[in-house]
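Below is one structure, written out as structure tokens; the observations come after it.
As written, the chains take the letters A, B, C, D, E, F, G and H, and residue 1 is the first residue of each chain.
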Amino acid sequence: MKRSNVATQKFIQGNEAVVEGALYAGLGFYAGYPITPSTEIAEQLAEKLPARGGKFIQMEDEIASMCAIIGAALTGQKTMTATSGPGFSLMQEALGYAVMAEVPCVVVNVQRTGPSTGIATTVAQADVMQARWGTHGDHAIIALTASNLQDLFRITVEAFNMAETYRTPVILLIDEVVGHMREKLTIPAPGEYQVVDRLLTSVPSGIDYHPYLPREDGRLPMSDFGGVHRYNVTGLIHDMWGFPSTDPAVAYNLIHHLVDKIENMELEIARYQEFFTEDAEILLISYGSSARSALQVVEDRRKQGVKMGLLELNTLWPFPAEAVRRNSAGKNYILVVEMNMGQIYQEVKKAVQNPERVYLANRFDGIFISHNDIGKVLNLIQGKGV
Amino acid sequence: MEAIKDKKNLQVVINAGWCKSCGICIDLCPKGALGRDNRDKAVWQYPDKCIRCGLCELRCPDLAITLQEAEEEE
Amino acid sequence: MNTQSFVFTGSGGQGVITAAIILGEAAAIHEGLNAVQTQVYGPEARGGATRADVIISTEPIHFPKVVNANVLVCLTQEAYDKFGRIVQPGGLLIVDSLYVRATKNTEARQVMLPMYETTKKEIGNPVVFNICVLGCVLALTWVVTPDSVLSALKTKIAPKYVDMNSKALKLGLDMGEKWRASLGPVAAQKEAAKIKKS
Amino acid sequence: MPVKRYLRQRFFPQLWCAGCGHGQIMASLIRAIEELGLQKNNVVVVSGIGCSSRMPGYLDFHTLHTLHGRALAFATGVKMGRPELNVIVPMGDGDASAIGGNHLIHAARRNINITAIVMNNNIYGMTGGQSSPTTPVAAKSTTAPLGNIDPAFDLVELAKGAGASFVARSTTYHSKEMQNMFVKAINHKGFSFVEVLTQCPTYYGRKNEGVSPTEMMKKFATTTTSIGSPKKKENPELIERGVFVDQERTEYASSYCEMINQMRKQK
Amino acid sequence: MKRSNVATQKFIQGNEAVVEGALYAGLGFYAGYPITPSTEIAEQLAEKLPARGGKFIQMEDEIASMCAIIGAALTGQKTMTATSGPGFSLMQEALGYAVMAEVPCVVVNVQRTGPSTGIATTVAQADVMQARWGTHGDHAIIALTASNLQDLFRITVEAFNMAETYRTPVILLIDEVVGHMREKLTIPAPGEYQVVDRLLTSVPSGIDYHPYLPREDGRLPMSDFGGVHRYNVTGLIHDMWGFPSTDPAVAYNLIHHLVDKIENMELEIARYQEFFTEDAEILLISYGSSARSALQVVEDRRKQGVKMGLLELNTLWPFPAEAVRRNSAGKNYILVVEMNMGQIYQEVKKAVQNPERVYLANRFDGIFISHNDIGKVLNLIQGKGV
Amino acid sequence: MPVKRYLRQRFFPQLWCAGCGHGQIMASLIRAIEELGLQKNNVVVVSGIGCSSRMPGYLDFHTLHTLHGRALAFATGVKMGRPELNVIVPMGDGDASAIGGNHLIHAARRNINITAIVMNNNIYGMTGGQSSPTTPVAAKSTTAPLGNIDPAFDLVELAKGAGASFVARSTTYHSKEMQNMFVKAINHKGFSFVEVLTQCPTYYGRKNEGVSPTEMMKKFATTTTSIGSPKKKENPELIERGVFVDQERTEYASSYCEMINQMRKQK
Amino acid sequence: MNTQSFVFTGSGGQGVITAAIILGEAAAIHEGLNAVQTQVYGPEARGGATRADVIISTEPIHFPKVVNANVLVCLTQEAYDKFGRIVQPGGLLIVDSLYVRATKNTEARQVMLPMYETTKKEIGNPVVFNICVLGCVLALTWVVTPDSVLSALKTKIAPKYVDMNSKALKLGLDMGEKWRASLGPVAAQKEAAKIKKS
Amino acid sequence: MEAIKDKKNLQVVINAGWCKSCGICIDLCPKGALGRDNRDKAVWQYPDKCIRCGLCELRCPDLAITLQEAEEEE
């Protein structure tokens, strides 16, 4: 019997991989409210966080959870909450606050079938557009996802890193299949993956500190509540000290800053993986659990000599348009594989040179999309019937 | 429930299709008049002990028990 | 072995998901294989038919759900009625003889064993029913070693329960072996050969 | 058989676990409605989301299965839309007092004629056994693996504090008492609040006592006592059962209708 | 002194025009929570509704308000709520419920500057994408708007009509300037504008009624709570009787139905107005208060001999792509005028044949976009500098 | 001058209307903090949205101006993040008891060491005079033009019902009493709740009495009485002032820290 | 008249928005003209500088805000400092002489009148200050008739206050007339002519 | 506030820039020691009547009043 290093290998659920990733990244505070299919994240952290000196709190609802992680983040903690569709909808107002007040935190949405309560236990990927546009007002957002536990661990760490780097809430938009699927996860040793710590201001006590004045590199060093700088945090349009302002110039600059600091960083933030794309004539584009089925199709058809490739997106927002455009160039056709009515499909069409060659293979009935489902669409496109 | 003349005319009818074998009726029958079948479903095992108090009907979480007149079997 | 797929079905309380997890963990952590485990929850927290899939392979596993199972286990009639068809021709269909009246003509080999009753009788506690079932599956497939399963088990349960679980596993292994033996030497040999191939 | 007349029998046997107290509460509610002689078309049952919220699916009334925690907000719309209907709102403890706590206190404040029933099993059943705001300190749950440190609400005190004009408590052990309270609560002109202590053997039971549904029920017999009983003095830990508040106060929907009538007269 | 018919003419705010339109359409129940700049709608209805036998209730928050109007709608009332950005974000979960349960109701969002609390008193049009995508899961939505009080009155009546026709929540997405602007409104006599009443089932008592089985014309006749049919309403995926189902076929059909009943009706639902578009070489596309500035530009430049036209959108969702495409065909260029960072601009680009000719004239600093602002962009496009 | 030390003077004169009681509450709070000798860097003031919520902008502490109704939820995060900080949460009556009612009762239930101050002017000031859950019946507001028919919360009763371990009430007329209560509330180890009756001359005053700020304040002198005063018996309509609850109970953040310590020991 | 634009500025409590609304309503409802009225709220519910615009025209009005005002009214110093510049050259700038110290060199005709003090003195109640202001504006522009303003007023106030408001309006009209008269006959004539043209 | 020896050494200082003329201090001064200027702002009109009770300072909503030693004028 072969025995691998049990200490750092675990056979766990995707939701638990998120937990491991968050702990690796330095999670200090979690607030949440149970909801299928995300609950295991809370349950695991209820035990693991205090064991490491962190704190877990079950709040009275999702709104309170989102608010609490913002509050705790301002004291210097890395914070997270997790939910699913209905709870994510409830969090939209406070999520917008985190955007506006530039508070780093991570919000996990383990997607299930919607709209409304839909089906609590089945998979979907239909909150992609909501992640981008769910809160009111012009804004930008980072949303990440993954299809397997190793990636999920890594991308969870990156979610925290990006939250710190860009001072923004980051959405980890996974789905029920990834969340509940168990496979082996190898947890890297400390230091193996980069962990971005909170950038604290070097301005000493007594010197005027500007919590909302970006440095030259665009970053905004923070000062924790309880520290030597007393400033103001608000969801109103505010000046560089954090005080409310109705000056149109202040509003213009702030809103532009909030959008640009993310949208202009598309290339930096884009995470994706190319499988057999180089010589591919047919390109699949997928993400989350559906990317597994897509990869299955690619491997199956490659064996039959079909030149197919897969572009798996780990960053959904800002949409990695450049990667999509580059990978799509010259392909005979592009097939987007997802579990909704075509949310990323529409973005791909906007991004590529040849939108008329973009097709959609999807499911939105709660059943996990299979390689067979994708195969049928491929046959159809190729004029082979179903 | 309709006014009932002769209590002995009542019988405890258990809908095995709805019974989930929770045991509540059996455990809480004041007279021990109920038993279990081989799939642990409740049965009115000792009608003679039964005082037709109706507690089993009131407490069955699965609405599987009815105290009813002998004729009105459904 | 290249890839083997298992589907455990039953009702919520029977521990089918746990059985699947332990099998997966035994393969992935203790035998260095690839393993993916998924499940289907009913609309109900419990009750209804639960299904847990495990795919074990020497290759990377992409599609994580079982389409045609090499081995299907059914522990309730409802589960059998709902999932009975997903076992592949020539596959193995293991049912509990108390709970399931197997009626379907499948091209799978049907194994009906009194796993529940035996567990209750021999161990006294039906809580380890699922481990006994797992023992049967091991005996009929040898997909991983009982040792690996025990190692996986130990990470999941309190030390005081290890003994009871080992016994249940042994019980299942024995029942499985006995069933194979009952086929007579030639059939058993063939059976053993099939399992190796699958 | 009377009880069945009120059921959507095609959904039986119910999905609740064996021994779950929610079925007992439903049965007592049906008997109360039967006793009151309400017409089925005059009853609306509004729930949130949770195991408890399976109830409307089983009952042959107008049924509205809403969002987690929001039942009373929807019910307020129903009642204002058609004040002549009997609006009954069964809720879980999490549903009513965690995410739905605000709607609970505001419905109580308004004194709108709705019958709120909290099926308090001290746990989130539907999502698999997390703490609720009524989980006792030191009890275990999947989100309090080491024992709960969050103090619990006394829901009766909460409802009283919010101004409910009818407040009562019973348990699944006390079927007849519960039924009587439901009768009184539905008859009450104003907001009525009934807390029923109930058992979730699957999660609360297993995580804590690890005992059978019957034993959980029996506990309700020994850990509770009627309001004003001398036992309470001997053992202050005992939870009181009975009707805590029963006041006549202006009911919201009818005072609104009165305002409409006055305005029309003025014209 | 000329005296016009005072009885039916009013000099009122846009928010009051919404009130008048809603009353004309037969509003019976309003639930809301105050928020600038929508509050006047509630304040007016608090007085006017009971005077007509209707009911107004101030709920504890926006979530409760949205839930209450759904509850009341099921008893046969026409219902409405009104809010602004933060409240609209809070309503997203319950809005999705109304979509799923197919409950007719009207939700007014008087847009102000966001994100988050932003500036409570200044104008924006930045909740357009949120209106479409704010709630989780695949769905479709109707969103209407207007730029002047007469249109606003009409479109409010239409919002109720569409809610009834399609059994869906309809969003009335106006903005602070329209909401607070006063001008003359002529209230038509009863009967002058069409009012669509609730379509009630003709199925008699005792016969199996299917609340969720569309008729041949796609409409779903309703039965009020308290009536002779006792059925179930839920936010879960449900069958034609309204009972929860996890059957993939049921899920597929329901989600498709919810989307198709609106998306397929684009031509029916599209409301827009063409000003001088026929011979126009330059087309402005705008909506809400910004359309006033756009029209000002058109009239000003027409006087200078510039062939310019305006397409004013009153329907925002489903996006009136056909009208946009048709009006844009052959234009030298198209300029979208709006008060956000380009939300409708992106939709126009998707819709037209020549996306590279589409430009954006916008403001998002809380200041109302003026004809001068638009003029500057026009000059820029025409290579005339600023 | 001591009070000014705690102000962000560049924002003065304040934006509150002439005679608004919110400034008086802020002044008393500052004096209480001064009296307690708290370090500015150890104080976090968290507000929601409303006229009352202008307070954090004026105070030279760590200040967090959040969302309408959500102050206590944010504050819970702050307190858990750094339990050593003094977290003070001024809220409006609408803020605290309408949209924020649920966070209020849950913070009370948890007994987390936060000082909640409700600046109760019986109206929504910021949005221009709509009814709040504390607007008295028959009082006028812009959403109750004919007089309010919605019964009001008694916020003290609500906080008590939710299990708050410190509950007090004062008014803007009673500046020193208010200051003393703030001192006690901040000192209290656990959730403390202080309701201060205050005047909104601009909306409540104008819509109702139409009187001056002074007259509104004087009313507080005549319509309230100290807890236990004999006046209350003569006139039961009188509103009581004073400390209603002051219990020692396990505080949430510290019991969490204790749990952490225990877990660490076990390792 | 083709188009005339008015901007009333002051602090929240002074009723500048009401004045603007009444003017707009008088024009739109009682004189069959087109009128659009808008306002700018400060971040504060009250206090700060409030501004209310009215455009009155025989033509349809699209852009609803005033860019260059024909008539600007400033009732506080803060309002004057903030909005003083938006009056167009040759336009009319009316300020309350108690509250505003007009310092700017504008090319507008500045009219400084003790409207507040006079209202307080003559009527006793400063609540109708804004109506007096409106009277001045009418006297200096004759954009609508006093009758139309009175009709509009009556729809807004309780009957018992009509008298006080009429008086205030009259007071303002008189003050305005007197101001024009004070220019001497020739200047007054010119002034009157200008108003007609604008 | 620091311990104060001679109360008469204290004076009521009113910051006219912050005063909003609400009248509270004037109306509630127990001795009628305060008055109004021509813009209705509070002034310490009758220092002789003043007993330095500090109520005006405590109650001013705009933190415009300070009772302070004569020297320490700001």
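Heads up, the rule we're going with is that a residue touches a chain if its C-beta (ideal position, glycine included) is under 8 Å from a C-beta of that chain, and two chains touch if they have at least 3 such contacts.
Values in this document were obtained by computation on a predicted structure and should not be read as measured data.
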Residual chain groupings, excluding chain D and keeping positions: A, C, E, F, G, H | B
{"item": "Length of the shortest touching-chain route, chain A through to chain B", "value": "2"}
{"item": "Comparison of A-C and E-F (more C-beta pairs in contact)", "value": "A-C"}
{"item": "Between chain G and chain A, distance of the C-alpha-averaged centres to the nearest whole Å", "value": "56"}
{"item": "Euclidean distance of C-alpha centroids - chain C vs chain G, Å", "value": "88"}
{"item": "Centre-to-centre distance between chain G and chain F (centres being mean Cα positions), rounded to whole Å", "value": "42"}
{"item": "Overlap residues in chain A, where contacts from two or more other chains coincide", "value": "36, 50, 60-61, 63, 86, 93, 97, 116-117, 119-121, 234-236, 244, 246"}
{"item": "Chain H residues counted as touching two or more neighbouring chains", "value": "none"}
{"item": "Chain G residues counted as touching two or more neighbouring chains", "value": "42-43"}
{"item": "Residue ranges of chain A touching chain D (in the complex, touch as defined)", "value": "33-36, 39, 42-43, 46-47, 50, 56, 58, 60-62, 86, 116-117"}
{"item": "For the chain B and chain D complex, residues of the former touching the latter", "value": "1, 17-24, 27-28, 55, 58-64, 66, 68, 72, 74"}
{"item": "Touching residues (chain side chain F, partner chain D) in the complex", "value": "98-99, 101-102, 105-106, 109-111, 133, 146, 149-154, 157-163, 249-250, 252, 255-256, 259, 263"}
{"item": "Interface residues, chain C side, partner chain A - complex", "value": "21, 24-25, 28-32, 34-43, 61-65, 67, 145, 147-148, 152"}
{"item": "Residue ranges of chain A in contact with chain C within the complex", "value": "1-4, 6, 9-11, 36, 119-121, 177, 180-184, 289, 292-293, 295-296, 299, 368, 370-372"}
